[in-house]
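See the structures that follow.
Each of the two complexes below includes chain A, the first together with chain B, the second together with chain C.
== the complex of A and B ==
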């Protein structure tokens, strides 16, 4: 199973890493946000700004790439051989998610480059928090957005399944502003997703924020796994079509 | 139903296998109604039936893609529901068509990926994939992406994919559909060789010639139930008892006889474009009579029972 996951991830990355759509999703949208943000808070690039902007790119890229990957599997009808194999669909879909997470990492150095060229870099830039925060954010984003895989495979896809998702998750992830700056009613909801805790740590938080984030990643991953197992079951029992 | 002797749990078995679907109104529709079948190791059995007969549903249940509503089935002794993983590991399957492969990966990459899904050890995976590509005559295209392949090449790659983990059981859904005669013949040769090596093969097909040429047994299904199960020869001879034998006489001159009243067991007859076709209850006696009466004017005379296609049309109510 691990070998299938690894290979599915590798194939996803090698066939899609340089896809124009993927690169555009990972780099263009976050840079636009950066321009807006900088107009309200001018200054050199800080780690939390760099990670937050990269997080927008990761979120957008994971959603776009997941939609693309699952749609292609359905168009190519490659999910049936997987469903009929001993490991079922799970290793293939988890592998695709892992590959998508790796693809989304393009946002981290990509957006930093644009930010630094535009506004320079803060003299006390904390490279460790930028790198560790960025890596954790990619994992956290993929774990949360991974739930979308179930819906993309279970139902005929429509733009409504992904439109708006990026905006909602940008807000709940506290990518642009700290959790405390969010509306009071939104703050407790935002703490339910791991990106908020990763961003809190990037903004100078302590280790417990990371541990909470990792715990939430485990919970979200378990839910993704359970949803894919459920999908396998209903595909076999109810003959849910895994194709277009 | 004709008995074929004792069966074992090896190969493929199905007992009272049933599958119902529910339409949008919630009312059930039976796709497969109590199917019984067994395919022994080394046997090649074809399932024939018109569109909507339930063939694909049978294949999907046996390959673990669809759960039966009731009844049970085994692959190499493993229950397809309770021991799904073991049954899946023992079964190579192909749903055919141009899809089911990754078009952006090469033929070799496709095979190795599916090999990993079936647990083929890494140290032997590449060698096994190259062997199979060689067997299906795709070794010279191993490094090319599949989207450039013709339909026939994709069908052969499907077969290689189904065999990547060297399963004891092979289940193929219309393996030669849409292939040109050369590709279809190559596909039949590959499938036959696999059965000759002692593996168990179950295939669905619309191609009567393919079924007759390849199969030890043919199972005719319609409306989700088995209508007949026998060797192709037995099915044809059985139909001859009901519809008679066909006698074809080709004359060596233009003076064609038209008096057939004395032909033993004559059911009907007609002459078109220099060839006379008779339908008789006793083929041997009729041939002897033709030769005795008109031997000096006969270029050739042949006798045959109804074709498998005619049997199929009769069973499915189209005759």
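== the complex of A and C ==
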């Protein structure tokens, strides 16, 4: 199983690491958001700003890459051979997700470079919070967006259906502002996803924030795993078509 | 005649606007703009900016997004479906066709802009400007966005990846339209450039009572981009004939 996961992660890097669309999603859009953010918050870049801007790139990249990866598996017609193999479909999708999470990390140094060149860096920049927050954000984003894999494989793809995810998750992840700045109705919903807790920790939060985030990542990952296992089962037992 | 124009507009909307499915439409034209407007509204409120102006600006941008992407897809999808060369070879006036295909997206942009504005006002519990005034500003923004969309459509005839021109155009608008970043917060070097972008006249000081007086400026900006669009379309047609 681990070998298949590693191989699928490698396939992800091999096919999409330098994809222009992926790089555009990971780097171009967050830079525009950085410009808007700094127009409201002049001054040098702080760790939470850097992680939040990188988080926009990660979110964009994970959605675009996951859509690309699942579509490619359908086009290559590799889903049924995977389903028929002893390991099944799950390790292939998990490997792809692991590759996508690693690939999304390009946003972390990529956007920081732009932020530093354009606006400078605050003298007391906390590098540990930037690095740990960025890494956790990539994992949390992949765990939440990973749910999309089930829907992309289970149902026929509808063009444009993933566009709204970026908008709604940028808001709910509290990437640019603390959760308290969001509309009152949105705040409790935002706490349900791990990204908002990671961002709260990056803004100077305590260890419990990280523990909550990690707990939520485990829950989301378990749901992703359960949904993929269910997909595998219904594809085998009910002949649900995967490649259309 | 009118019936034929309406029929062609609706047919192109049905055939070429690939996001016209329940999930794609809701996701692209309702959820995404509302999510982004909430983010920008929260950003503005957190850093002491004018939340009302930011919400109104983000809603204008939602309308512009619908027109620009819709017009780009109505040309770019000819390429995706393999009918681009046939269309180019047909005797139909391409400029007239692009304009007719834009009509449903302008209507859609109005609906999308209004839904974004009203939803975000409800979420933040404010009404920065009366609905009829916002509707007037949105109409002006949509007219200038139509001119900008014509330029993006022309670019889509040249560039094979049909998402590159609208993405680039939209990201440029986020920075230079004044809808999110007011002229006073823009670097000095960029301030003169801003006047040449759609939404810049109508967004500038959006909350003052006589903002519609800038309508002529907004229309002129739209006309300028429309001329650029016409030139791009004509040059693409000349290249296709050669």
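Here is the rule we go by: the second predicted complex is superposed on the first by the 243 of 244 C-alpha atoms of A that agree within 3 Å, B and C clash if a C-alpha of one lies under 4 Å from a C-alpha of the other, contacts with A are read in each partner's own complex, and residues count from 1 in each chain.
We adopt the following convention: a residue touches a chain if its C-beta (ideal position, glycine included) is under 8 Å from a C-beta of that chain, and two chains touch if they have at least 3 such contacts.
Please read all numbers here as calculations on a predicted model, not as lab measurements.
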If we overlay the two complexes on their shared chain A, which of chain B and chain C does A:226 touch? Say first, second, both or neither. neither
Check whether A:36 is in contact with chain B, with chain C, with both or with neither, and answer first, second, both or neither. second
With both complexes superposed on chain A, which partner does A:237 reach: first (chain B), second (chain C), both or neither? first
Identify the partner contact of A:3: answer first if only chain B is touched, second if only chain C is, both if each is, neither if none is. first
Larger residue footprint on chain A, choosing between chain B and chain C, goes to C
With the two complexes superposed on chain A, say which partner A:192 touches: chain B (first), chain C (second), both, or neither. neither
By the touch definition at the top of the document, which applies to A:170: first (chain B), second (chain C), both, or neither? second
Looking at the overlay, what does A:18 touch: chain B (first), chain C (second), both, or neither? neither
Listed in rising order, chain C residues that touch chain A in their complex are 18-19, 21-28, 30-36, 38-47, 49, 123-125, 163, 167, 171, 174-175, 180-182, 185-186
Chain C-touching residues of chain A, taken from the complex the two chains share: 21, 24, 28-29, 32, 35-37, 39-41, 158-171, 175-178, 181-183, 185-186
Chain B - residues contacting chain A, complex: 21, 63-67, 85-86, 88-89, 91, 93, 95, 97, 99-105, 109, 112-114, 116-119, 122, 161
For the complex, give me every residue of chain A touching chain B. 3-4, 7-8, 11, 15, 75-78, 80-87, 91-92, 235-237, 239, 243
